[in-house]
Amino acid sequence: MVVFMKNTASDEEIETVITNLNAYGFDVHRSSGVSQTVLGAIGVQPGFDHRIIRGLNGVADVQRVTEPYKLASRVGRDTPSIIDVEGVKIGGQKITVMAGFQGIEGRKRMESVASNISSSGASFLRGNTLKQRTSFYEFQGLEKDELKLMREISDQFDLKLVMEVDAAELVGMISNYASILVVGARNMQNFELLRELGGVNRTVLLERGFAATVEEWIMAAEYIMRSGNTHVILCERGIRTFESATRFTLDLSAVSVAKTKSHLPVFVDPSQATGIRNHVTPLARAAIAAGADGVIVDVHDDSPNASESGVQTLDFYQFSDLITQIKKVAIAVGRI
Amino acid sequence: MVVFMKNTASDEEIETVITNLNAYGFDVHRSSGVSQTVLGAIGVQPGFDHRIIRGLNGVADVQRVTEPYKLASRVGRDTPSIIDVEGVKIGGQKITVMAGFQGIEGRKRMESVASNISSSGASFLRGNTLKQRTSFYEFQGLEKDELKLMREISDQFDLKLVMEVDAAELVGMISNYASILVVGARNMQNFELLRELGGVNRTVLLERGFAATVEEWIMAAEYIMRSGNTHVILCERGIRTFESATRFTLDLSAVSVAKTKSHLPVFVDPSQATGIRNHVTPLARAAIAAGADGVIVDVHDDSPNASESGVQTLDFYQFSDLITQIKKVAIAVGRI
Amino acid sequence: MVVFMKNTASDEEIETVITNLNAYGFDVHRSSGVSQTVLGAIGVQPGFDHRIIRGLNGVADVQRVTEPYKLASRVGRDTPSIIDVEGVKIGGQKITVMAGFQGIEGRKRMESVASNISSSGASFLRGNTLKQRTSFYEFQGLEKDELKLMREISDQFDLKLVMEVDAAELVGMISNYASILVVGARNMQNFELLRELGGVNRTVLLERGFAATVEEWIMAAEYIMRSGNTHVILCERGIRTFESATRFTLDLSAVSVAKTKSHLPVFVDPSQATGIRNHVTPLARAAIAAGADGVIVDVHDDSPNASESGVQTLDFYQFSDLITQIKKVAIAVGRI
Amino acid sequence: MVVFMKNTASDEEIETVITNLNAYGFDVHRSSGVSQTVLGAIGVQPGFDHRIIRGLNGVADVQRVTEPYKLASRVGRDTPSIIDVEGVKIGGQKITVMAGFQGIEGRKRMESVASNISSSGASFLRGNTLKQRTSFYEFQGLEKDELKLMREISDQFDLKLVMEVDAAELVGMISNYASILVVGARNMQNFELLRELGGVNRTVLLERGFAATVEEWIMAAEYIMRSGNTHVILCERGIRTFESATRFTLDLSAVSVAKTKSHLPVFVDPSQATGIRNHVTPLARAAIAAGADGVIVDVHDDSPNASESGVQTLDFYQFSDLITQIKKVAIAVGRI
């Protein structure tokens, strides 16, 4: 941490800042020039709130130097993490595909989707029965007891089940059925939920909030890890910008940044990000080329009539083609 | 709702869209030109998800015409709402000031703050004992039993207590002490929490998410109202943009827009928005001039040493001056 | 400037950085801790590009401490500037109103507008005959010889003429007629234009680019000043964000920030920012309350039929009311 | 164009709108429901400013249906354009690499860079001698007569010269030396410059403004094309968002969108976008995977000591590796 004193700071003010820093366990190195004094606070105090210093008299600015996370950090690790989800490895050399739908309409349809994505090469089925809608009036998902059905169908087609969980109180129940629990973008900083997820023996796929910085996203992962669960996958799914040609702006730089800063696997959801079917496959390819460990996309058996988010779902042919294409890109970037 | 068909849409596709719209209860008016057909769907179906139509073959785009909220809407109401919080009226002609701190350090300090803001003219005390921090390592607030202390001090100085609640499970407990429950920006779309707040007999102050549109913000209010609690105050506290001179970008246009679209009272929090002490008072004045019904600001008895968010807290003199200044502006815009 | 070395930086790399800093005229203070070395470079070298240092081996980050502008800076000045535009003072205690239209349709209309805004209390007439449109196909303004007409009408009603200039080659011609030359948001970093404006004896009103930070905006002013013309007014007119309820997001924090950082007068254009008539007056009031030295708004004699930007223009009654209202707010904040 | 009338619109107001639309050459289809009337204006009037209608009494909103550009549009074209730059084809199956530096320091260095990038497989040399800096004080590029040197070196190593032009008055001179003229992001809407570029026989590489929508970007291309020059390449180089981990946020969705909306070739500049060396190659790969026709990157012979933008320049080894990698991705997506 570096503390920039104001040009007008008195010696007494500078001394007070140094005393405070020492009290918090930092070594302090003082650089005084003609117009300004700069204090270097050496040491790592993860629990330290630098605003305590910023609020002292005579302080112009405080800059944090070290990153505020540790368990999720890439520093000090030779290789990125590989997470084992009931026998399926995520991360490392391997590219993983998860697919599913946003709403569901009965066993037959679900079987059709599961059967097709499984034979195309996906290893995870995403089913969002409990997804909340922005508006109270928009239609709600299925009842909770349908989780059982989802799990049966997943097992039938040798897929692992991936389910969103949007409330701490549901974590236990959904954990009984799903292999991966998804934290949706809106809940990235729902700390009650994150804490609860820290206590379960399930992998968490943590979507980036659509206004969250990469640092905040990794911090949310750190929060889960610190609460006891280190099996966390990061998932970029678009941020909010002024551009309206796509639903969100997919930030593929964030994939490269997250892979540099953290050892956790990074996924990309091009369906939610773009909201438009035609752009899903090009951006899935781009995600893999940028270094992502996998993608998660929306698929439906009757895409134009899909009950929700219809515009962004792929039909079976399109999905099969997506898998073929990203496999080629994976090989081109030295993965499988 | 207006449906724009693609130039290439076949008659059959157009008919399918019309049939679907009729099935959902819309009257349809068809406009066919040389290059394109446009369908006007007349009627209001609040629960309707327009993506169902957007996903149909031949559809180029769907535009919603009516707003997706009703209880929070200004349409059909002669005047904005006035909310009575245990005898104190919010909205209408009156400007209200809420003040408090982000962390707390013992009864004496709290009494000092409460005493001073009360004598300066504030009617609400904000105390955030349970506030969650972005990082797991940053320091946590007080224990839950300190709520009682907060309430005692509020009563002592004739202030109503305003507390943030960040988890559905805490709503009941905090309701026992606080007169206003605050939904922080990060929880604006925590639907579990919003639902729970729909069931209590307390006023809710709903902060705008820092990446939420005004429409989504009003929708979140609608969600609480639809769940049974119509006592909702909107609170603008800055959105995320590329500008880094202030912590967030305070969107005062949103105050004017929200007052036009909704009958609910609108507050502004210039402390959280700017994160810088010097800008709090100018922007509090601007908020009132833009039509806000009140402001909520951070105050501390020893501002530079405040335990958190020190850079944005006002000392007692500054706070007293803020009240004097916004009162003058209030009168200038025909309020008191 | 502070240079953060990487944890892995060798002594040789650190020495190279110090040597470079010395060569550029900086005194260097070195702080070495257990895990990291920080170098404080003391001195002010306005022409120095800190990326030279950031690119050296072993450097983790470089932070600028002092602001990159001098002539526009508030530092070292007791009071903000007052600019005299042919006898009319801008800045200081006084609030100034500029008004006009985006397109024009003949002498009679223009006289009607000029007559009305003059009698309502405006002292500047804005006429944008040469305004470029985003699309090639949108309609162009009047011919150049109409500048003469604009000037005649301004003189007739005792108004100063304010004209946008969007190309360096037009600066000379427009200077012959207008008292204030406007740099539109799109041209805020058109350095050829800024340089040219540095050479004329006219006040420049510099709109903030809609993706420009406050610092870049002040830097553009610095560029004009450094080129020889210190008569510059800053004008905030909205930035681009994800919010679409208004055309741009008016950033009134930027007014407070700019007044703190720079001694130049700051104006606000609520018409361009919001793009919606109903929000113009509330935000004009808020601008004055936030500390702006004046506003510039769109007015038309037949507002709903105005040839361009109709939705945001005020009619004469609305404009007269705006003046009345902002005068009250001006008095409330100690101005006239 | 579709016109939504207010619920309160009178028959007379509706008739006035219809009369106006007819006068501008539109066929009008009227849909009246219980609560609202919607008017469909059928026809294409490229020069029409829809704000004329939006400003009429009783109008709630106006939605444009057709895109505002024609020459740049993909509609009605079977295949994307291929642009021939003095014998080198851009677009189609082929991936093209442009490389260079931001500043220059003498013939020897320039030869070294040119020699290396040529042997690695680049076909274009970018040299920005005249680049303007944000701050007046930052260092300026070379003198104009060095253009001649740049051209000699390009010829010597069989490279085409790519030069930025930032002022209309320089277009003629730079056209004498460069094969491609670059419009920098800051000048994307410098219409004087765009018009001038419409009159030269050189290919233009048009960078997207960092706050420009994809539509505005294509419109700027349309402006050049309409002015007489159809040889335009689009170049995505990052937009401004709240994320600060990278200098800008590279918007690769925009590549997919632009390829869908326009027939023009689309390039990506990952160096300017990320500002960080380590992310350049991953994002160059991603750009090609997303469908870009080429990339443009910063290279230097002594990267850490490069005079400007050092942090983002690749050294020769890194550049050679980038070419190897994007070629593999190109083949994976069916290109060469």
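Going in written order, the chains are labelled A, B, C and D, and every chain counts its residues from 1.
Heads up, the rule we're going with is that a residue touches a chain if its C-beta (ideal position, glycine included) is under 8 Å from a C-beta of that chain, and two chains touch if they have at least 3 such contacts.
Predicted, not measured: the structure shown is a model, and the values here were computed from it.
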| item | value |
| --- | --- |
| Touch-network distance, chain A to chain C, counted in steps | 1 |
| Most distant chain from chain A by Cα centroid | C |
| Pair of chains joined by more contacts [C-beta pairs], B-D or A-B | A-B |
| Distance between the centres, which are taken as Cα means, of chain D and chain A, whole angstrom | 31 |
| Where chain A and chain B are represented by their mean Cα positions, the distance between them in whole Å | 26 |
| Distance between the centres, which are taken as Cα means, of chain D and chain B, whole angstrom | 39 |
| In chain B, residues with contacts to at least two other chains | 211, 240-242, 244 |
| Residues of chain D that touch chain B when the two form their complex | 2, 4, 27, 29-36, 38, 40, 42-44, 60-61, 63, 65-66, 240-242, 244 |
| Footprint of chain B on chain A - complex, ascending | 46-49, 51-52, 54-57, 68-69, 132-139, 166-169, 186-187, 189-192, 209-211, 216, 219, 222-223, 226-227, 240, 303-311, 313 |
| Chain B-touching residues of chain C, taken from the complex the two chains share | 211, 213-215, 239, 241-246, 249-257, 260, 273-274, 278-279, 282-283, 285-291, 325, 328-329, 331-333 |
